[in-house]
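In the two assemblies presented below, chain A is common to both, partnered first by chain B and then by chain C.
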Partner chain A sequence: MDKYLEMIRIRFLMMLAYRTNYYTGILIYSINIGAYYFLWKAIYGAKTDIQGLSIAQMTTYVAISWMARAFYFNNLDREMAMEIKEGKVAVELIRPYNYLGMKTMQAFGEGIFRLFFFSLPGLIIVYFVFPIQFTWDLGVWGLFAISILLSFFINTELNLLTGITTFFLYNNTGLIRAKRVVIDLFSGLILPMSFFPGWAQEIMKFLPFQGISYIPSMIYTEGFTHQQAIAALGQQFLWVVILYLPILWLWSIAKKQLVIQGG
Partner chain B sequence: MFYVSMFFQYLSQYIKTRLQYRTDLFVEFFSDLLSQAINLIFILVVFGHTDLLSGWSRDEIIFIYGFFLVPFAVFSAFFNIWDFNERYIVKGELDRILTRPIHSLFQIILERLELESLLGGITGIAVMLYAGSRLGLTIEWYEPILFIVFVIGGALVYGGIFIMLACISFWADARTSLMPMMYNISNYGRYPVNIYNKLIRFVLTWILPFAFAGVYPAAFFLEKKEWYWYSFLTPLIGIIFFVLSVMLWNQGVKKYRGAGN
Partner chain C sequence: MTQRAIEVDTLRKEFKSYSSRSGLAGAFRDLFTRNYKVVPAVNDISFTVNQGEMVGYIGENGAGKSTTIKMLTGILTPTSGKIIVNGMNPHKQREQFVQTIGVVFGQRSQLWWDIAVQESFRLLKKVYKVTDEQYDDHMNHVIKTLDIEPLLDKPVRKLSLGQRMRCELAAALIHNPPLLFLDEPTIGLDVLVKLKIREFLKEINEKYNTTILLTTHNLTDIEALCDRVIMLDEGSIIYDGALKHLKENLGDGKELQFQFLEKVDLQAVKALTTGMPVKWALDEKEHIFTANVEDHDELVSMLIAKIVANYKIKDIKINETSTEEIIRNIYEKGAVEVG
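Up next, the complex of A and B:
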């Protein structure tokens, strides 16, 4: 366990060394939030609420979901693809730790770094620029914290799955790109699930994507009742467990048929 | 003439290398189509809840998006310089470029062709035809000509802005993440500018004129008379920004000292 904690720490410090890159990052996120803010304002027009969300809740939804994205987002799939293509994965595999576990911990260190040096200052800036409703209810914050932790795991598991496919496909740049756009739309990052037509919502209930962004953001904006929130957390947890199984399975096959391309 | 023949030489090499990796090419097409589809889905879903967006109808917004795809495709095919800093400055590749007998910027454009992006333009035209037919727009004889002029104008606006950003690397060594930021800002230009506040509208029109690759020229084909003035400015703004960026580039090259090796 110690070595995994150490990995989190090292990744955190590494990110700290390159923190200037993150100041422009905050700007990018603020600009994104701004673009969607104006777009939503135009969409609402004279309406006071759409699908049970007021314009203020919608603005908060947008801001929170982008800031939460900073925490759960990582490039594990691309990193893994790179390491597999360059053959570095061979060295990683003989080291005395679980490769996938280590990757997850590195991503977690990154996530924690972004949460403190990116999301928090970003939220403060956004708070002054756009009309956002902050809640002071500690219960909501608690549920939100659990929820984004679970979304981190769901997203990371999906990334690991995409990464593992490199073992079989050798070049999966296209797949990685496709996965990213799909997650942006179906996770509820740019559109809350409740805005989709009914049949689409039904389908999406059976997919893991809404556990990534929609659930934590709805919990925070209090678009969910307390009961709904608890049920949603359960749903997220279930997906964390379910997604773990194909990873185990594919990983055991992948290790057997590993082809090192150069290195 | 030499430049034209160089262009075709590189073009044929490019096609040869690309066809070597056909599955890759196919997957790239597919993921481009997917991201375009997702932007369209966004528009469709949003208009499930509203009829007008600051006075623009669903089909008009779709038409603007379709138009935007065309200059953007041309831009992505020819001005693939978003990683100029890492690829040419940090690695010292620019030294090699400067020994070539053609203009350095032209050489880089040739090396970094990405013609498969042009497929996005075909998607764009299809989207425009679909939205246009629903709006009952008719095509006048002069409109295809103006369309080409506006597309070139819009692509030059994009090209100009991104070349200027690349030029920053001549003066500052630090790696910046300005380029992805610009891609984000350019997304603003896809929607009608009158939904934004005055400041953003001003920026999108005169400082980072991304609106000239989307809503302004598209407004002409949508017969929105109040925007005609801006529509006809498109080629002019494109040329101005592009010429400025090339001038800046030439200054930058003079200043360039090499990263050492």
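Up next, the complex of A and C:
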């Protein structure tokens, strides 16, 4: 366990090594939140609520989804694809640790770093600029914390799955990009689930994507009742377990037919 | 009793090699079905290495050296055959097994690029579960010998190649493994760093009885370090034995170079030495006449006597066939006939 904690520390150091990335990140997220805020304001117009969400709830939803994204989002798939393509995975495999476990820990280190040095300051800035309703209900914060942790795992598992496909496809840039768009759209980051047509919502219930962004954001904005929130957490947890199985399976195949590129 | 560090029995690794069809129509056909053939990269090789041996593993580019190393380190699964390294199956018991080996890939870094060297060391220390005492005892010495103390707080990306390679070597030794794989560790390094690394490898071999398997294209490395070489060509072992033996048996020719004061015709020189087993060659640009003869003392002196008696000589050189030349000859012939 020691080595995994050490990896989180290393990732912190790596994030600090690239400070500029970090500052521009805050800027980009603020711009995104601002853009969506004005877009939604225009859509709402004179209406007080759409699909059961008020404009204030909507703004909070947007701000919270982007800030949560800073925590669960990572480029694990791209990193893995690069390591595999350049043959660096060879070095990872001569170390006495689980490659995927270590990757997850790296992503976790990155997530914690962004949560504290990026989401929190960002949220304070946004709070003063846009009319956001903050809840002070500790129970809501607790459920939200559990929920974004689960969304981190769902998102990371999807990234690992996409990353592993590099072993078979050798070049999966297209797949990685497609996955990213699908997650942004179907996770509820750009549009809350309740805005999708009814049949699409039905299908989405059977997909893992809404567990990434929609569920934590709805919990926070109190768009869900308490019972709904608990059920949603259960659903997230179920996906964490389900997505773990294909990873195990693909990884064992990948190791067998691994080809190290370049010498 | 000597222990076996590596045991390899009829090891084989095949790769599927895809070939593209030509032309646009061919490219479309490739979308649906692809031509491939199975190419053996390593072709049923067997060898054993004892604990404490330093073995040079050499071969041309693409001969299968790196593939073998990758199977020995548990990265690749063999197609067939048996490998036992440090008493374990590298692929099956990977996590436990890699605790007992150290690997340096000359062409890829195992340190973290963006962070200071000592942070990488610290992480590796945790990863290999090295205690503080073990680390201090062993690594202080390594750091001193490789002279990397002043580099420890610099990020890896700011190090020169020579500095980085020394750090890589230290990183591979953090857990003081009984077996060390070095895949072209001196590639692109200057003479001083090369010498330092060689000295260091010799020292740890003596001190800890570390087994070292070294692949390189730099034969001076092999000559300086290894008593034994395993030579690979197109996936098969073509020689396995002492380096000295190889030199004695195949490097028994001498090369004589003459430069004359006056203009001399190659035909005339050839005519002069008819009856002697001499092969002549002429470097047109420099006007150097090269004679390849077998190493009989009398033959060399007879040849020189005959030439000196007939021509005025500006310069004369006698060279022994170098290991490099021996190896080149072997590659060209594709087999070793050790008599």
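The definition used in the following text is that the second predicted complex is superposed on the first by the 261 of 263 C-alpha atoms of A that agree within 3 Å, B and C clash if a C-alpha of one lies under 4 Å from a C-alpha of the other, contacts with A are read in each partner's own complex, and residues count from 1 in each chain.
Here is the rule we go by: a residue touches a chain if its C-beta (ideal position, glycine included) is under 8 Å from a C-beta of that chain, and two chains touch if they have at least 3 such contacts.
Model, not experiment: these values are computed from the prediction.
S.K.: Of chain B and chain C, which one touches more of chain A's residues?
M.R.: Greater contact footprint in residues on chain A: B.
S.K.: If you stack the two complexes on chain A, which partner ends up touching A:96: first (chain B), second (chain C), both, or neither?
M.R.: Only chain C is touched by A:96; chain B is not.
S.K.: Thinking of the overlay built on chain A, is A:52 touched by chain B (first), by chain C (second), by both, or by neither?
M.R.: It touches nothing on chain B or chain C.
S.K.: Figure out whether A:181 sits in contact with chain B (first) or chain C (second), or with both, or with neither.
M.R.: first
S.K.: May I ask you to decide whether A:198 touches chain B, chain C, both, or neither, giving the answer as first, second, both or neither?
M.R.: Neither: A:198 stays clear of chain B and chain C.
S.K.: If you lay the two complexes on top of each other, which residues of chain A touch chain B in one and chain C in the other?
M.R.: Of chain A, no residue contacts chain B in one complex and chain C in the other.
S.K.: Residue numbers of chain C touching chain A in their complex, please.
M.R.: So the residues of chain C in touch with chain A come to 15, 66, 70, 73-77, 94-96, 98-99, 101, 103, 105, 107-110, 112, 114-115, 119, 122-123, 126-129, 155.
S.K.: Spell out the residues on chain B that touch chain A in their complex, using ranges where they run on.
M.R.: Touch residues, chain B against chain A: 21, 23-24, 27-28, 30-31, 34-35, 38, 41-42, 45-46, 48-50, 52-54, 174-178, 180-181, 184-185, 187-188, 191, 195-197, 200.
S.K.: Using the touch rule from the top, collect the residues of chain A that touch chain C in their complex.
M.R.: Result: residues 2-3, 6-7, 10, 13-14, 17-18, 86-88, 90-91, 93-98, 255-260, 262-263 of chain A touch chain C.
S.K.: In the complex of these two chains, what residues of chain A are touching chain B?
M.R.: Chain A residues touching chain B: 20-21, 24-25, 27-28, 31-32, 34-35, 38-39, 41-45, 47, 50-51, 171, 173-175, 177-178, 181-182, 184-185, 190-191, 195-197.
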